């Protein structure tokens, strides 16, 4: 079984959290591809570029470079990982052929790392995507703004699409964007969304539990 | 001024049409990047792969390879073009730095060549995208199925988004998909959509005319 | 034992034939490198380029791109194949190191895929080359033009050289050209030439039979 | 005349300072290659890797990735710069051939960005290296620890070597290490060392002034 | 006008001869691509590999590496040359786009540097190939063995083909092999063959003289 | 256990010596990375470039190319080696992941192959570096000039540093330069220095003996 794990870039703002992820990841026996976000550093450089008048393409490339820094840190701490950060989907496939563990960051301007995770899951024919997110589950609305927002443990991709369409952009982006959804759906990949601050949830998902939300096709 | 021209892959099913495009392209003085679709050959190989059980990733890669064949044919016929087909947005930027004319095909699984054209337009900071499409303009509905469909000469990206959302997938795909729309919109690039069988429309657009539909932000 | 199998590009004009090859190839236990020709698509694009005044270099590159499309289709259908189409002999060697099955197309302008197959056979130190050709065996002359042409089951490279030298260019090209012959000869590789429409002949050759012609040094 | 400018990674901790550098850099007419350090982000990731048991090689690679993030930010803000961050000295030479402005970060584990700057200066045959450093000039000792340390405006490479040899490692490292010194010396390149917080010093050096220290062979 | 100049690897066994070639090459105003052979070093390493049981592929690669050493020496001495040795015909085309002077060595196992020169001439659409050879002209037979061998100043490709076919392999190889002949012929490129010890012959050829043999289509 | 073996480029001036190394290397069971120097050929090309006015960068690149020729010869003679010569430390790591035996030459201008060996040892986390040198052990002074020079069997990196600092440049360079020392020291790698003319010393070192000098941290 092939697994894809998406780690929010925010994980890398807390060194101890990174080490805890490394411990969990070392216990996994399956083939895994980990996709890292860019986090705070990405945001800072993108802002500096935008304020200075840089194109969207370069803004996105800066986010990609930041996510690769996170990917390389993880590689350096995992003994088994492919020693390079792949720079395209073809390089992911090549690395995947040689290593049980592959870690990648962003791949191309104009796409979120959620979409990278979906594309990678499709490429390695993963049946499950674990999304360690900045939110602990899918809600009917943004729970930080709307106290009446209801948590949803089980949902279909169609349901999630509706929620993302109705909500404001930034909140939706943190989970999965529409493009990533369409890729996950066409491959019928099950996605688990859970709180990035609980690395132990990865083990729970592998045991069949659902610590956050599960999205199925 | 930088121009991006998207040529439907179907252009390449008619050799004479290709030569007519070459004649027009040779008269353009501006810096241009041409993005070619995969056309019939792409469809044939994607079908063969899908029927044989290949992953979506490989299906898309076959489409990309077919689009690169079209790109290379154009390169071989234009004296001025960068001599290679770029394989990533970074390679497009590098080629763009060196050549007045760059021709590229698809770049990554999971995205249409319309999206490639939008990403390229963003990267080279083009203000205009010319889309030589399989349809002669934007309509309120698919004109091949709905005789009451009305042709729209001038529209906003928001209008096009609504039309694409309401219509069936394949028809929408032929014009621009939602992802490409969002990129064009965030850069406020003007898109011209016109009949791919009329290469002379490129010259008309450059003279300020609108032979099909014009989408603005 | 390492095997090299050359598949005429024409195989890829018939989807069912491709699937039948895939079935046979999946049963082979040996390390194999498959070299695909460009077929009809190659011919079409080369003609379009030549008529439009493109250089021989670009004409040949178009043939190479077409052959890579065929190679990628095969890769997408074989579970075990190296996930990329090598673009040079060094890349073939690298892929060969990692995978039991490697599929490649053309490598360089100015050489036939028959020559690629011979160079690959030399590089991987194969003892046998299987050539699924557009003709069912070697004949003393072109059997389509000369009804008195005699089929030859067993011959030496020297004999084949004489036949190719005396016959018109196109017919000879379909089998093996002189350059590929000299490479096969200097490595004393045994070549089997047989009808591309009979994938089962591959199994026959592996059992020690000779369904077409066998060329030895 | 070719110039090499080394920017301390700390410059990139202050967005406004970056913009001020961009303004100055845009006024330079000469061919320039800018080498960026990794700064705070490099230090943070290197520490995280070391504490987690990563090899020196990966620690250094993390520093290189951080310096490339800084290089890319600068590229995104300069209209004229080569659009990619070179990853080897050969790539620097290639970019240099095509662009008036090249920006690079670290190149290889085991070497400081000061050494990169020296190697680049040698490769592009620059006669001058401008080092925007974390200190405002060369001193006889570390001025933060020894109040009797004396500032030196003009010195020879031999003098600097002695100072670096006698001082503790970190202070020396901030200026130039011994390896970079030996490269600068063998090419007889003049180095200016000045306070990184004063971008205007670049203009002063170009006018023939010496706002910090000047090291000659 | 584009020129291709093939320099025998033996040129590089005599440092002074190399400098004399550099002087002549610096006076040429045309776009030129120089192809260097491997010479004595190539022969020595190929022999060592063969005696040690290496494959033909590696023997040829060693010859290619040696020829690239010669190419790089020339690049280092010419101020204007593209700073890298291209490793494929596509890289030659890319370098050619950027530089007036490109220097390359061998490209692929299984082909002579004469063939590389012919392929390069075809790719850059050169009308003339200058071959600074180990012999001062074409002869009817090997003049070192047959004192009756007659020197031929003007000949057709067909004539040269017959001479090469009738003579022993090594002598033919030193001039042009059959594969390179067929490429030169199909592009109707005029080839000058002259003594490699006379760099001044290059200037003579450019003035319209024929100091050795001229082969035309 | 991972081993790094540095072979003086002079080994490659004696074919029989190369074959004897190949025999020894084939008996090693550990993972090994071999780093080859450039030897006589490097010296010859560097001199030719320097006399002709080439930059230090190109002089060093010529040395690197020569060392890669030696590396490739070794690869061609070892059945198990990774089939390419890595061109950067990242490529060494990638090759190392796939092969028990990796052979590399120089990597970057401005560094000795001794430094490459140290960087490689650090990257693959080797505990031992075997240095087959042009001298049979470390001496208190250059034994060819000072007959009173005393041979030292066991020493610390600090001791070697002092000897290298006090001796003339060329003699020191032949063993290990200061940069390589600092890398070996920070990783606490044990270095064996012994006479390059005795390949059997490699086996002795692996049995725990010390045929020349042993440097420890």
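Letters A, B, C, D, E and F name the chains as they come in the text, with residue numbers starting at 1 for each one.
Basically, a contact is a pair of C-beta atoms (placed from the backbone, for glycine too) under 8 Å apart; a residue touches a chain by one contact, two chains touch by 3 or more.
These numbers come from a predicted model, not from an experiment.
Looking at C-F and D-F, the interface holding more C-beta pairs in contact is that of D-F. For C-E, the equivalent interface within A-D, D-F or B-D is the one where over half of the contact pairs agree by residue number, namely D-F.
Centres computed as Cα averages put chain A at a distance of 54 Å from chain E. For the pair chain A and chain F, the distance between C-alpha centroids works out to 44 Å. In whole angstrom, the spacing between the mean C-alpha positions of chain A and chain B is 30.
Residue positions of chain D touching 2 or more other chains, listed in rising order: 55, 61, 90, 93, 98.
Interface of chain F with chain C (complex): residues 82-84, 98-99.
Against chain D, the residues of chain F that register as touching in their complex are 55-57, 61, 87-90, 93, 107-111, 115, 118-119, 122-123, 125, 178-179, 183, 186-187.
On chain D, the positions that touch chain A within their shared complex are 15, 18-19, 22, 41, 45, 48-49, 51-55, 58-59, 61-62, 65-66, 68-69, 72-73, 75-77. Within the complex formed with chain B, the chain E residues making contact are 90, 93-94, 96-98.
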